[in-house]
Every structure is written in C-alpha cells, then in structure tokens.
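Two complexes are shown next, each including chain A; its partner changes from chain B in the first to chain C in the second.
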Partner chain A sequence: MLWVDKYRPKTLDQAMVHQDIALNLKKLVAEQDCPHLLFYGPSGSGKKTLIMALLRQIFGPSAEKVKVENRNWKIDAGNRTIDLELTTLSSTNHVELSPSDVGFQDRYIVQEIIKEMAKNRPIDTKGKKGYKVLVLNEVDKLSREAQHSLRRTMEKYSASCRLILCCNSSSKVTEAIRSRCLNIRINAPSEEQIIKVLEFIGKKEGLQLPSGFAARIAEKSNRSLRRAILSFETCRVQQYPFTSKQAIPPMDWEEYISEIATDIMKEQSPKRLFQVRGKVYELLVNCIPPEIVLKRLLHELLKKLDAELKHEVCHWAAYYEHRMRLGQKAIFHIEAFVAKFMSIYKAFLIATFG
Partner chain B sequence: MGKRNTVVISSSDDEDYEPSSRLKRSYEKAKSRSSVTRTNPSRAKKPRLPSFRLSKESSDVDEVRLAFEDFNEVFNGFKVSAGSRRSNAKELWVDKHKPRSMEELAVHKKKVEEVKSWFEERLRTPKYLQGDIGSSVLIITGQAGVGKSATVHAVASQIGTQLCEWNAPTPTIWQEHVHNSSAGISGINYTSKLDEFENFVERVRKYGLISSSFNGNSKSSIILVIDDLPVTNGRAAFERLKTCLVLLVRSTRVPTAILITDYGNADSSDPNARWLEELQLSLESAGASKVLFNPITNNSIKKTLSRICRQEQCNVAAEEIDLIAKASGGDIRHAITSLQLFCLKPDVELDLSSSNSTPSYPKENANELTAFNGGFSSQYGRDETLTLFHALGKFLHNKRDKENVVALDQNAFCVREKFSRLPFKMDSPEKILCQAHGQSRPITDFLHENVLDFLCDEAMDDAWAVASYLGDADLLLASFRGMLTRHSETENVLQSAAASVAVRGVLYGNFHPSPSRWHAIRKPNLWQIERSLSHNQNEMLRQRFMAGSGSSSLSEVSVIATEYIPVLKWLGYRTSSGLETHDSEDDSSQTMSMIDEQESKISDDDIEDW
Partner chain C sequence: MAPVLQSSQPWVEKYRPKQVKDVAHQDEVVRVLTNTLETANCPHMLFYGPPGTGKTTTALAIAHQLFGPELYKSRVLELNASDDRGINVVRTKIKDFAAVAVGSGQRQGGYPCPPFKIIILDEADSMTEDAQNALRRTMETYSKVTRFFFICNYISRIIEPLASRCAKFRFKPLSEEIMSSRILHICDQEGLNLDSEALSTLSSISQGDLRRAITYLQGAARLFGSSICSKDLISVSGVIPQEVVDALYAACKSGNFDLANKEVNTVIAEGYPVSQMLSQLFDVVVEADDIPDEQKARICKCLAEADKRLVDGADEYLQLLDVASNSMRALCNMPQEFSFES
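On to the complex of A and B.
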C-alpha cells in the first residue's frame, strides 16, 4: 500500500494538519446532523481525507465498507432516453461520484441519483429517519445547468440527503450553491506542516532522515501534501539511506513535457508541430488533463525563453487555455498554442540572428 | 393513322400480341423482362414461385422461358396485358438501344475481352477438370450503369450460350400474407426473398442447372447470372447471404456471373454498401475471380450517343452530346435517358408522330430545339456527389489560379498584400462541402489530422493560422452542444458555419503550400485517442480503488494520472501498468513510448507479468 493511503488519518482526531477544522467538524456533527458542506482548496491539501474522516465520524466504521461500481443510468429526458455510465463508490450511508466525468449530461446524473437516494432512506436504530450523504467531486467542473439543477434538488430533498461538495476553486461554483452550503476552505499545508508529516512517516517506517532532506521534498512538492508523501516514497525506493543531496525524481509526464519543450525550441516547422502533436496525444491518452499539459508546457518554455518574449507567450497561453475550456477537443487548442509559439519564436530568432 | 388504330385494338385484346410486335421483335427481350415481375390479375391468386428466365440471345427465335416448378404458371404470366403493351409503343431508348453485340458495347474492349475469355475458358474445360482452373464464379463490380449486365448478355450471345438468370419472384407483401392467412385462404406462403434465394442457390449447387430439362437444346452451355442479390436487412441476414454465396463459389460447376453494383464511398454511411464490399472480399477469398468495370469514358459515351442519334434520326448538336456525356459521370444508362429526355419535344404533336415508335424530328423542329437548349441543359445531369476524401483532397491541396485574373476595379475593397489570396481553382468550399455531404465534426478532424502535411516546411505562420482557425471551428462545434438539440435549425447553422470556418481557414492559412506530391489522407488519430482515453479513465479509477484498498474515496482522474500512476510506476507496482494493454491492438504502437521508457527502467523480470 502506498504511504499516502497507509498514513492517511482515519478519524478527525488523527488529523495532523488542519486540526482546527477537524475539531470544528467534529462538533458540527455531534448532534447527528449537519448542513450541506462545500470543501474547497488546492489539490493535495487534505479535502478528501477530511471528508472521509467526517463520514466515519457520522456513521461509524460502516462508512469505510465501500464498494466501487460502474453504474448505468437510463434517464428519461422527454422524448428520448439517455444512457450514462459512471463509476460510483458507495457504502450503506453514502454515495460518492464525480458527475463531471460524463461531460455535458452531468445534470441528469445529479438529479437522478439524489432522487434515488431520497426514495430509500435508511432508518437508524432509534427509529428516526436518517439521512444519506452524497459526496460530489469536482463540482467546479460541473456545467452551469448541472449546478442549477443541483440547487433545486438540494432544497427539495434536503430532508433525506446531505451533500458534501468538493472542489478546487469555489469561484466556479455558482453563488446559489455556495450560499446553501457551509463553506470550508482547506488551505494548502505550509512547508513546516509537510515536514512534520514527513518526519512522522519517516519515524513510523524507521527511516533515517538527513537534515534538510524533508525540507527539500516539501519545497519541491509545491505545498501539496500528497505530492510530498508520494515523492518521499519514490526517493525511498530510488535510494536508501538518504543523502541530503539526493535528487528528487520528477514525474514522468513532467519529464515528457520538458522533452516536448526542448523539441519545440529546437525546430519550428509544421513537421515538428506534427511530431509534437503525437507526443501530446500520448500525454492525453494517459489521462493527463489538457489544462495541466498546457500549463506545464508554458512553464517549461518560459524557463528557456528570452525575457522579451515571455509576456507575449503568456498572453497566448492564457488565450488558448480559455478557448480550450470553451471548446471540445483540447488538442486543437494546445496545438494552436504550440504553433503560435513556434511562429513567435521563429520570427524572434530571425530578427535576432538574421 | 390506320396503323395506329390496329395497335389500339389489338392491345385491348389479351390473347393477341402479334401484329405490331413484328415491328419490334428485337426489343422483345426488354419487354419480356419487365413483364415478368408485373402482377398479372390471372395469377394473383396462385402462389408465386421463383422462376428462371432462360433466353437464347444469339438467335432471333422467340424467347424461351422456363420454370422448374410450374411451367404453365409462368407462361401465363408472360402474356402481356393491355396496359403494358401500350407503354411499349414509346419504348425507353435504354432498352431499345441495348447493345446486342460485343461491338456495340461502350465498355472498354479489354474488359469485355477479359469477361469473354473467362467464360470461354470455363466452358471449354470439361466438367471434371474444372476444379483445376479455379472457381467458376466471376464477380463483376462497378458503378451503376457501366454496362455490367449488358456485357454479360452480349458476351453470352457472342459465344452462343444460354443465359439463365435468377429473377426475384413477385413478392408477396407481408400484409397481404397476413390478410390471406387471417381470411383462411391457403396457397400463398410467405417466403422471404432471402429464403427463396438460398433455396435457389442450394439447388444450383447440388444439381446444377439441368439443361436437358429446358428445351432439349442441351448441347449449348449455360451461364448463370445473379444480377439481383436479395436485399439484406441487418447483420444476421447478411451473414446468411454471405455464407450461401460463399458456398456457391466453392462448389458450383456452372459458370456463374455475380453482378454487384458498387455504390462508391459516398454513401458509406449505409451499412448495405459496406456489407457489399465485405461480401466481395469474402467471395474473392473463396476463390471467385473479379472484374472491376470502370465508369465509361466520355468518348465512348459520346460515340454511343451519336450512334443513337443517327438511328433515331434526331439532330443533336455535338456540344449537347458532349454535355450530356460529361454530366452522366460515366453512367451510360443515365446518359441515354438524358438524351431521350433531351430529344423529347415538349409538343403534343409528338404523340401522333410517334406511332411507329421511332420519334423522329422533322427538320423544322430542329431549330426550335436548339433555341430551347439554354434552359434545358441544366435539367439533365446527375447531382454530383463527391466522396469525403475527394473533398478533403480538394481542400488540402488548395489549388489556386496562378495569378489573379479578376480585374480589380478602382472602388473594390482591397485587402492588404499579405491577406490577399489567389482565386480558387474550384467551386466555393461550401458547395463542395454540400456535395460531399460530410458532417462538420469529422471534416474538421480530418483536416486537423492531415493539414500539416500540406504546408511548406518553412511556413510556421501558416501553420499557426490554420491551427487557430481549426480551433475556432472546434469552438463553434462545442458551444451549445447538447443544448440545441431541440432547435435543430440553429444547430444546423452552427454546424455548417463551423465546417465553413474550418475549411476556409485551412484554405486561407495554407498560403505556402508544400510542393504538390502524393499524400495519403490519414484517419484522424484523435478518434482512437479519445476511445482509449475514456477506457483508460475508467480503468484508472478502478485500479486506484484496488491498489489503495484502504482508501475509501474516489480520487479525481487527473490526480491519479498525474500523481499516483507515475509513482506507482516508479515503485514497480504492476497493477497500474496493466492499463494500456487493455487497449485494442492497433493503437499499441502509439500508446506510450512513455510507458516503454518506464519499462526499461524497471527490471526486465517484470515483463513476464504482461
């Protein structure tokens, strides 16, 4: 088992970061009821961990007995039926899913599953009608319609169902939903906190940590605790005992993108553009999100770029990133960005070196 | 007028069809063919059975028509009813000028020769040796109207054999069957065409065509022609047809020609067309020979048309013939029909003068006719369709005039030098799109996949312009997706706008095309990528759940892909790298040299686990 999973705090009491929030959550659910919740914060800050711990707090250990399912829905939308398939994870008391995975038909999923949950409400030991919890991931990626329909269903079925929403940025969640939820912001852990966690894990695993090594990992992790623990483990596999100068291996896709960047800098031609497309395809087919590809690519390109061009290149990156979000097929826009970059850079080279 | 009256009188009489048919003896074949399937009142109550028509075309003896099952039955059916008789008076030229000898065929000489020698070889070889020279089935394919059937008929008459045709019997409509069975009328059994066809093929395979039972003319050999494959609806039916034909190819001894009309790729959305292709392939692999007929050349069509004009004594200008030939697109049947239409005078007078079935135009009408041409010429001509690939080729090759021939007048809006492009050497892109009836999404994808090949190596700015316009098209296609399903009009406008942007973007952007050479047009890789992507997503989620069995929460795909998977690969967990192997084989080449890099880092022992 990965260390990230192994040392994930199971209960709210065990939390090593965000202890204050954990404490508040515990108080909140002490009376067996809670409002809708919206967790938001950067990736790797511990949202999911807190949500799972919270579910355990509410329902006890049964919340951990989960099964994963590929579920099919047949939805009657007026004159036609829509078939949707989505992976869900459910226990007796909660259901978790990422509705944005089905694309623009996400709203049907949200409505349908909430209705279904409302239909069979669990009855707790005291004979009181209990409630189920629906955990929705990536709410910020939900389409506008899905968010609207979510708002209505939230009100209609609030007696039987609590929602826990989880997203990276609350700015993409509509005002209406935010106001119906208790918003909980989860900050990215500070580097000190990350170091503390790493040292804790090191102690548990019986590892010798040279001074400054944990700090270097923490620094590299971009304040993502998950990232830090994962690279800690890779370092352990790569070389042990640790040396303080030890290189922290980058992710393979990051290496790959920097390779692409080198390709782009070397030659600017339609032929090269075609090769780059092939490499981007490889990234995409491995589910690396196109936004991350574009962002990382920009990052790599800027490293090698003359200061004079940085501004313009950033502008175009932003332009194509926006269009990518509006559009349907990311490759078109990533490619357009690469083409634009090549064209700018080529003109620059010609102007400078003749 | 007196002559005409006899026609009327005699045609009202069912039994007598002698008088005028003597005039048209040579056209009788065509007539009888059409009459076979005609529902005749006298036989409506009897079961319709499959029939063969055997025609000895080499002689001018009356046609002998035979059926195994019920000779009289079919013979009665042969009698032409009054209605059909009268229509014969103004016969279609297509039937009238049917080629009767190999010389008259407009098909290329070599092809005809090929078919002829094939048949001759089959017929010369004694039965017991036939196994050595391969199957005795010949597949003749080609577009509609290139003279496939005509060739077989002409060849048969040339080498003096009988033709035995599979003719689909008059169908019993299902409703009719239901009606009859509910009314308790027995006798008409509903059999599907496919069943009948299968029975027929079965018989031919097992017993051959028992020539002695025909008419004692057993010395002459027989060629079986299957011109009319039953329509199959659905995969299962098609499979049945296929097996039945493959068996025929493998085992028959009778020289058989199967004529398959090739619908071209334009209608590839129709599964039937694809199935026909599949059928051809499987027949070929079963050993059948194949001859492909190309569209008939303009010159041959023109020659034939002028010959018909001479025979019909109508005066058609050479340009008109040229035009008709061009518009027909190699379809000679269409060309002849067009010619007939063209020669029709929009006058009632024509009916009177046509009593002898040869519409001849008096000289004085000729002028009037040519004057009429201007408006007329656009009426014939098929609606040209283009295949998707043809259209893509046009867009990608971006043929333009060498210089701007359009004189710019002073007031015209002038674009700056770098924005101006030379005029197209083709129709406007929207028209081509329309002809190719492609949908905008695939067209955009195809252009995106292929356009970079057509850019000059130096032209980076062009590449950007093209990429940017394709992005615009994608944006148009994406916006409101799914939301406008109820407003199909709006959706249509949006779609065509997107296609137009994509195509014109490519045309405009490609300012410095690469020196023209042959490029294969590839299928968009994107489609494969998208399929594997969605597959991989599900797989990742599942495996993440398995691997992190303690974690009782779903992670986001992006997080798994960017963080967990690379680490798992590092750690050498085999669970995660099983991912790509689930993909279909054909993309294994493109999936992940990235994975391979990782693979090489991990020890080789792991390879067994794959």
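On to the complex of A and C.
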C-alpha cells in the first residue's frame, strides 16, 4: 500500500492538518441534519480525505465498504435516447462520481442519478440518517447547463439526498450553487504542517530522518501534501538510510519542461521551435494537462529572465492560456506562446547587445 | 416524505415576512399595496431592484393577503427561472391559466378575494425576448381576470412593451440600520450571540442583500455554534480577509515582480477564489486616494479583462499574475506598451 493511502486519516479525529475544520464538521453532523456542502481548495490539500472522513462520521464504518461499478444509463431525451457510461464508487449510503467525465452530456447524469437516489430511499430511518449522500467531484468542470439543472434538483430532493461538492476553484461554480451550499475552503497545508506529517510517517515506519531532510521535501512539494508523501516514499525506495545531502528526485515531466525552457533561451529560430514542438507533443501524449505545461514553462522561464521582460512574458502566458481554453487543440497555443516568447526575447537581446 | 426537520428549513424561508406591512425599507411600495388591499384592485406590476431586497417576498405576501390560504392554490400561479419558461410554456401553461374565469369578488374568511388571478413571474429578466413578446397580447386579452407580477433584477432586460403595461416599483438596497435590526431579531429568536463587530461585518459583506446576510448567518451558526464572531462570518461567506488583499496590493505597489509572484502563489495555495479576489482588489483600487485616475483606469481595464477570461474558464493563477503584473506597471508608471513586442 502506498504511504499516501496508508496514512490517510480515516476519521475526523485523526486529521493532522485542518484540525479546526474537522472539528467544525464533526459538530455540524452531530446534529441530525447537515446542509449541502461545497469543498474547494487547491489539489493535494486534503479535500477528499476530509470528505471520506466526514462520510465515516455520518454513516459509521459501512461508508468505507465501497464498490466500483461501471454503470450504463439510457436516458430518454425527447426524441432520442442517449447512452452514457460512467464509473461510480458507491457504498450503501453514498455514491461518488465525476460527472464531468462524460463531457457535455453531464447534466443528464446529474439529474438521473439524483432522481434515482431519491427514489430508493433508505427505509429504516430509525437510528440511521434518513438521507443518502451524493459526492460530486470536479464540479468546476461541469457545464453551465448541468450546474443550472443541479440547482433545481438540489432543492427538490433535499429531503432525501445531500450533496457534497468538491472542486478546485470556486469561481467556476455559479453563484446560485454556491449560495445553496455551506462553503468550506480547504487551504493547502503550510510547509511546517507538511514537515510534521512527514516526521510522523517517518516515526511510524521506523525511519531515521536526518535534520532538514523533511524540510527539503516540503519545500519541493509546492505545498501539496500528497506530492510530499509520494516523493518521500520515492526517496525511501531509492536510498536508505537517508543522507542529509540526498537529492530529492524531481518529477520527470518537470525536468523535461525545464529542459525545454533552457532550449528556448539558448536559441530562437524556426528550427528550434520545431524541436520544441516535438518535446511539447511528447508531454501532451503522456497526459500532462496542457495548462500545467504552460504554467510550468512560464515558471521556468520567469526564473531566468530580467525583471523588465517578466511582465511581458506573463501577460502573453495568460493570453495564450485563455485562448487555449476557448480553442480545441492545445498544441497550437503552447507553440504560439513559445514563438511569441522567442520573438520577444530576440528583440530584447538585440536591443541590449546590439 | 419524511417530516421536514425544523433545523433544515432555511432561515430565509422561516423569517420571510408574511404581510406586506412587514416588508422592511420599501415604504412607497408598501403604501401602494396596502391601498390595493383595501380597494381590492390593482394594476399589473413590475418589481425591480438588486437581489435580497424583498421583491419576491412582497409579491408572495400580497398574493397571500388577497386570497388567503384556501383560494391561493387556485388563484395564483408562480413561475420562476428554474421552471421551464420557454415560449411554449407562455403559449400553453400561462395562457391556459390566464384564460380561466373566476367568480365575482366576495370576501371570504376575512380576505378580500378580488375577482382576478395573479401570475407571478419571478426572475423575469431571464425570459427570452420571444417569450416576453408572446406575453404581450395575453396580458391585454385577459386583463379582466388576470394580473401579472413581474419580478426582475434588471429592468433593462424587460422589453419596453411589457414594461409600459405595468406599474413599476423600484426596490432600494437595505440600509445598514434596518439590516442590523432584522438580523438582531433573528438572533434573538434563534438564541444566537452576535457582537457588534460581527454585526457590522455582516452588513458590510452582504452589501445590502438581506437574504445573503441571513444565509451567511445560518451557515456560521451551523458551523460554529451559537456565539459568532466576525472571523467566522468571513470564513463562511468566502470573502477574502482584507490583509490578504492589502498584501497583494502592496506587493504590486512595490514594483518587485518576484514579490508579487510570491503573493499570487500564496493566494492560490490558500484556495481563495480569484473572482472574489478581483472584486475586492477592485474595491481597494477604486477607493485608494493616493493614485491618479489614469492609473486607476488602467488597473480597472485589466481587471475587467481578467474577469472575462475567468468566466471563459481560464487558469486562475495565470490570470491573477497577469492582473498583478499589469497593476504593478500602472502603479509604478511603467509604460503601457510592451517594449519588445514586434
């Protein structure tokens, strides 16, 4: 078992970060009722962990017995039927799914599953909760229509079904939904908290941690706890006992992007652009999301640039990322950004050195 | 159906005024409507104003007071934006309902019961123009037996022919005192403890929207128990603490790009919604006394641009960084044009 899963807090009491939030959540469900909830925060901050712990708090240990199902829906939409397939995780008391996986037809899924849940209500309400919980992941990727249909369904079936929504950025969730939920912001854990968790795991595993080692992992992790634990485990596999100088292996794709950045800085020509395109393609076919590629590339470039160029470059990064979102093929826009950068940088070099 | 638990009922519904005279702060409207209650006659009406000022409440209250609980079901049709309201609905449902004749006006059980029906169209500004056009004739044909109440936020989205057929009422945003008094009333009823600082925070973050204030209050009460301080309210409402906004603004002012970048990273890592950040940054910029108008204009322009891009689904980090860089160039009097763009 990976350490990430092994040391995931199972109950709200065990939470090592966000203790205050866990405490409040516990208070919230201790009374009979719980409102709809919206969790938002950056990735690796512990949203999912808190949600699972919360479910356990509500329903007891049975919430952990989940089964994975590949379900098919046949939906009658006026004059045609739509076939949809989606993976769901469910226990007796809750269903979890990411409706955005089915693309633009997500709203049918949302309506259908909630109706279905409302129909088969738990009969034995004595001692148990009289409602089921539907966990929806990535609500920020839901289409507008799905969000609108969600808001009606939320009110209509609120007697038998509670929604827990989970997303990265709450600005992409419509105001109507946000105002119907209790919003809970989960911030990324601070470096000190990450260090604490790493030391805790180290102790449990019986490892000797050289001083400052955990701090270095935490610093590299970009405040994502999941990433910190993963790279901690990687280090353990690579070399143990730890030495205080041991290098923490960076992600290979990050390495690759920093290579691209160096390439671009060295030479600005159509030929180099062609080479870079190959590398970017390589990243994209390995399922690195294009916006992450662009963001990382900007990050690498900013490290190497003069202050006066930084404004210009970050403006164009924002510009092309927006275009990428509107457009279809990400490679065009990343390549356009690279070309733009080359032209700016070349002009800068000529202006400075003649 | 399971019995609805008392605690699950939103306070917004629980404390909705039941009578027209209880509606706060909208004296003019209340006066006209009380008159209506006495004479049992009224024109078509159009209520407009910002959210949370009592438009829907007023419309529902007058309908209840005119017909009483028994006749209410048969005399009032309520449609809001979540119901399907395309042109077909206007042609069938609304028309059918409007066409039904009603008995002559006789007082029943202390209610005036005037001889007409009421159709309440909530959030009328989200109706399509075609649907609104289809309503025109219906309104006139059945004006003997039907009154329409339109409710909307933006009167400009109601087509002129409809607006001219109605008596218009503007609902003003609630003033701070009235809001505080309503909130204190609810706190009394629910047994909550609210200190004066929290009260003023609540008034300022809800910006004259009473519904929002009550929703925040209930959220905070559920999460933090019966004594609520202003920090709790801020964390429930999703408003960003002023220190964070000020820190970003100060970083922009300093002219140090790396510092601004660091601040932006912090904002993202803390999980604050960037759209909220933009609107709070906007407040800071507009209210700042020490920067000339031209700089303000430049910053506002880039805020607007970023807001549009966020709606399109652009990445939050990049947009906020762009805003920060643009504001920095404005604040530090760097040239607006890029020097190396060919």
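Convention: the second predicted complex is superposed on the first by the 322 of 354 C-alpha atoms of A that agree within 3 Å, B and C clash if a C-alpha of one lies under 4 Å from a C-alpha of the other, contacts with A are read in each partner's own complex, and residues count from 1 in each chain.
One rule holds for everything that comes next: contacts are C-beta pairs under 8 Å (C-beta built on N, C-alpha and C of every residue); 3 or more make two chains touch, one makes a residue touch a chain.
Since the structure is predicted, the reported quantities are computational estimates derived from the model, not experimental observations.
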{"item": "Clash or fit, chain B versus chain C on superposed chain A", "value": "fit"}
{"item": "First, second, both or neither for A:137, with chain B first and chain C second", "value": "first"}
{"item": "Partner chain in contact with A:160 - chain B first, chain C second, else both or neither", "value": "second"}
{"item": "Chain B versus chain C as contact partner of A:343, first or second or both or neither", "value": "both"}
{"item": "Chain B versus chain C as contact partner of A:240, first or second or both or neither", "value": "neither"}
{"item": "Contacts of A:295 with chain B and chain C, given as first, second, both or neither", "value": "second"}
{"item": "Chain B versus chain C as contact partner of A:326, first or second or both or neither", "value": "both"}
{"item": "Touched partner set for A:200, first chain B, second chain C, both or neither", "value": "neither"}
{"item": "Inter-chain angle, chain B to chain C through the CA centre of chain A, in degrees rounded to a multiple of 10", "value": "100"}
{"item": "Minimum Cα separation, chain C to chain B, after superposition on A (Å)", "value": "9"}
{"item": "Chain A residues contacted in one complex by chain B, in the other by chain C", "value": "326, 343"}
{"item": "Of all residues in chain A, those that touch chain C in their complex", "value": "24, 27-28, 31-33, 35, 40-42, 45, 125, 130, 148, 151-152, 155, 158-160, 169-172, 178-179, 182-183, 185-188, 223, 291, 294-295, 298, 302, 307-312, 314-315, 317-319, 321-322, 325-326, 343-345, 347-348, 351"}
{"item": "Residues of chain A touching chain B in the complex", "value": "1-2, 4-6, 8, 43-44, 48, 51-52, 63-64, 66, 68, 70, 87-89, 91, 96-98, 101, 104-105, 135, 137-138, 145, 226-227, 230-231, 233-234, 237-238, 249, 251-253, 256, 268-271, 273-274, 277-278, 281-289, 292, 320, 323, 326-329, 331-333, 335-336, 338-340, 342-343, 346"}
{"item": "In the complex with chain A, residue positions of chain C that touch it", "value": "1-2, 4-5, 7-8, 82, 212, 215, 219, 222-225, 235-238, 257, 261, 268-276, 306, 309-310, 312-319, 321-322, 325-326, 328-329, 334, 338-342"}
{"item": "Chain B residues within the chain A interface of the complex", "value": "445, 448, 452-453, 455-464, 466-468, 470-471, 474-475, 477-479, 481-483, 525-526, 529, 532-533, 536-538, 540-542, 545, 547-572, 590-594, 597-598"}
